[in-house]
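Order of writing sets the chain letters: A, B and C. Residues in each chain are counted from 1.
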Amino acid sequence: MDLGFLIEIIPRLAAGVPTTLLLVAQSLALGFALAVVVALVRLQPNPLGAGAAYGFVYVFRATPLLVQIFLIYYGSGQFRPVLEDLGVWVLFRDAWFCAVLALTLNTAAYTSEIIRAGLQSVPLGQIEAGRAVGMSRLQLFRRVTFPLAVRQALPAYGNEVILMVKASSLASTITILEITGIAKTIIAASFRPVEVFVVAGAFYLAINFVATRAVRFAEHRLATASAPTRAPAAPTRQLAATR
Amino acid sequence: MDLSLLAWGDAGWGDQMARGAVVTILVAIAAYALGVVIGAGLAAMKLAPLAPLRWFAELYTTVIRGIPELLVIYLVFFGGGTALRAIASGMFGYDGYIELPIFVTGTICLAVSAGAYSAEVIRGAVQVVPKGQLEAAVAVGMSRPQRLRRILVPQVARHALPGLGNVWQLTLKDTSLISVIGLVEIMRQAAVAAGSTKEPFTFYLVAAVLYLGLTSLSNRGFDAAERWANKGVRRA
Amino acid sequence: MSLKYFAGLAAGLVLASQVAAQEWDTIRVASEGAYAPWNFTNAQGELDGFEIELMRELCARMDAECELVSQAWDGMIPALLGGRYDAIMAGMSITDERREVIAFSRPYATTPAIFVAPADSALAAAGLPETRVDLAEVSDEEQALIDQLRTLVDGRTVGVQTATIHENFLRESMGDVTIRTYDTQENLDLDLQAGRIDVALADQSGWQPLLEGEAGDDFTRVGPGFSGGVFGEGVGVGLRQEDTALKEKFDGAIQAALEDGTVSELAVKWFGFDTAATP
């Protein structure tokens, strides 16, 4: 290991940190909103809507993210005339948009399952109590069901955040120079993979450490003395629960 | 979209894509098997009384699970040859070149991650087995191998199966990443065909369908395995 | 599995490469398979192209058995150093930067680097002369042409293959452009067609499939072809620095193939023009 080289590449790789963070933040925010919609559609009684939502979740969790990214980025190029007619080519032309779109759809599929589990965990008694005091359906969702579901889902969502930080590295395969993209460029020019791995890896670990702490802090804030504590669930296998 | 591009034989890419799928399956199985072995070793270290062993295993799983797989692959791929030659020259005094077949390199890349994830699964499963059962086995005079074979392994296997199923799905999907090091599996084959025919959507869609089929199939396999492992377990 | 087994395995590996290192009667040659017509993968899934045929020709002249290895461009040099194969024939230009890490045979081909842009773009409309500029000795006239080109591409998005001499040239000589880097020429072509980049710089021969393919009329060459200077002396066989005997064998075979016109023949077959280096 060459310490001088290691120090030399720290600023170069640090330049990719804001890009990684922005990519993750945008995708998580959009993905969470989409996930709530998907989870609600899956839980509503209309079989057609529920089936479509299930199909979306299934396909995005059963295929590699890399395929999804390439399908959206390089695949859209094959339909450029059509997309131009629709006026959406300006969006697909942009690598950043394609990366955020792929990551958003992907995290939405995983997150919707987390939210669905959270919604289903809300004790029936709480909902009945809300009805008893005369809450409307919207009020009930906003004040009772959703907050309780989010609290229940937080630990699993924390895990999803870390998976997204890691997943954002795949944006490097479609010309976006975030941490991994810069790392690859340096390796290709210097042939020194170990130093690059140490520095880039340290940045990712630091990001994930902060993210984990943030989620724990949120859990702590949301946990109240009256909250029902649940025994940890037995391990179950979900379809492709990991990315 | 021109479906004749997917024809079998010399005119189309159908047979190449199928061959890519076979490579994907083989490398996933090899990496998964190696990963579970690494995971079992790490789990044993995590439960060991010796602190440095525990520290090492914790460090390994924390680092590998916190870093993108793509970075790990670049490290193993670009750094693996150098490390191998350092070992050869340090331990065997050989200073020439040794190579690992690309398939082996790809397998190791993926097994490094699979090991970290399965370590957590296996440790969790071991801890579920009540201590009293092992004590009872000692009391009735079972030997160590007997205790392992009759008490620990069947129960750990049952509890670990769902988690190990997840690790398999992860490994299977991660095989797409090793296309960057040139192993001609589904993804690399799709990229080559996409570039050659200028129909990227067609070929990445084919790739997606192949992965979808593989995950769905293996999911059924694990369902069956879980049913088998849970035979004789009373449901509450 | 026992320790003995591992020891046997290790010994086998060691032995296999030792024999190769001494005799060079078998040589493992790597190519990319994504850089037509230099090298590409055909619908039979086999490596094919100018360099693949040239390799067979050279191996016959060296009296060696050659084994083809497919390798992605990004890992081309590391895997050579790591011993996956012994030689690279993948349209790799000889540069000082690469010479620090690996050795090269004498060049077997030279082709200029050119910019390509959509035919209906402002770049194409400028109508710059399509001369050849040797960056090793630039005349005032040629410098004016380079400056003109620089003004034209200023502020645009330019595509280039990762870790190539073309990328170096863009960074050093083309001022304020947004550079997008690609793993393969094929992905670069796809994105130029998709309009994600305004213009791209690559080897003239690398442009053949796009310019002569179905979409060829939509794209055109812009300005002069560059060679020399940062673009190096041409394309050669990449080798490990310590394998001097192998370099001598390749040098001899290439020299002979250049002198008797074999390389020119192959070049005309694959490129449509003579890319052979001067013998």
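Everything below uses one rule, namely that a contact is a pair of C-beta atoms (placed from the backbone, for glycine too) under 8 Å apart; a residue touches a chain by one contact, two chains touch by 3 or more.
All values derive from a computational prediction rather than experimental measurement.
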Category of the chain touch graph - line, ring, star, complete, other: complete
Pair of chains joined by the greatest number of C-beta pairs in contact: A-B
Distance-maximising chain from chain B - centres being C-alpha averages: C
Chain centre separation (chain B, chain C; CA means) in Å: 35
Chain A and chain B: spacing of chain centres that average the CA atoms, whole Å: 23
Whole-Å separation of chain centres (CA-atom averages), chain A against chain C: 39
Touching two or more other chains - residues of chain C: 74, 78, 81, 183, 187, 190, 193
Contacts with two or more other chains, residues of chain B listed in rising order: 77-78, 180, 191, 194, 198, 200
Interface hub residues of chain A, defined as touching at least two other chains: 74, 76-77, 173, 184, 187, 191, 193
Touch list for chain C against partner chain B, complex: 10, 13-14, 17-18, 21, 33-34, 36, 40-45, 70-72, 74-75, 78-79, 81-85, 183-184, 186-187, 189-190, 193, 213-215, 240
Contacting residues of chain B [partner chain C, same complex]: 10-13, 15-16, 19, 77-78, 80-82, 84-85, 88, 92, 94, 96-99, 102, 180-182, 184, 188, 191-192, 194-196, 198, 200
Residues on chain C engaged by chain A in the complex (per definition of touch): 74, 77-78, 81, 97, 101, 162-163, 180-183, 187, 190-191, 193-196
Residue ranges of chain A touching chain B (in the complex, touch as defined): 59, 62-68, 70-71, 74-79, 162, 166-170, 172-173, 180, 183-184, 187, 191, 193-194, 196-197, 200-201, 204-205, 208-209, 235-243
Residue ranges of chain A touching chain C (in the complex, touch as defined): 74, 76-77, 80, 89, 93-95, 173, 175, 184-185, 187-189, 191, 193
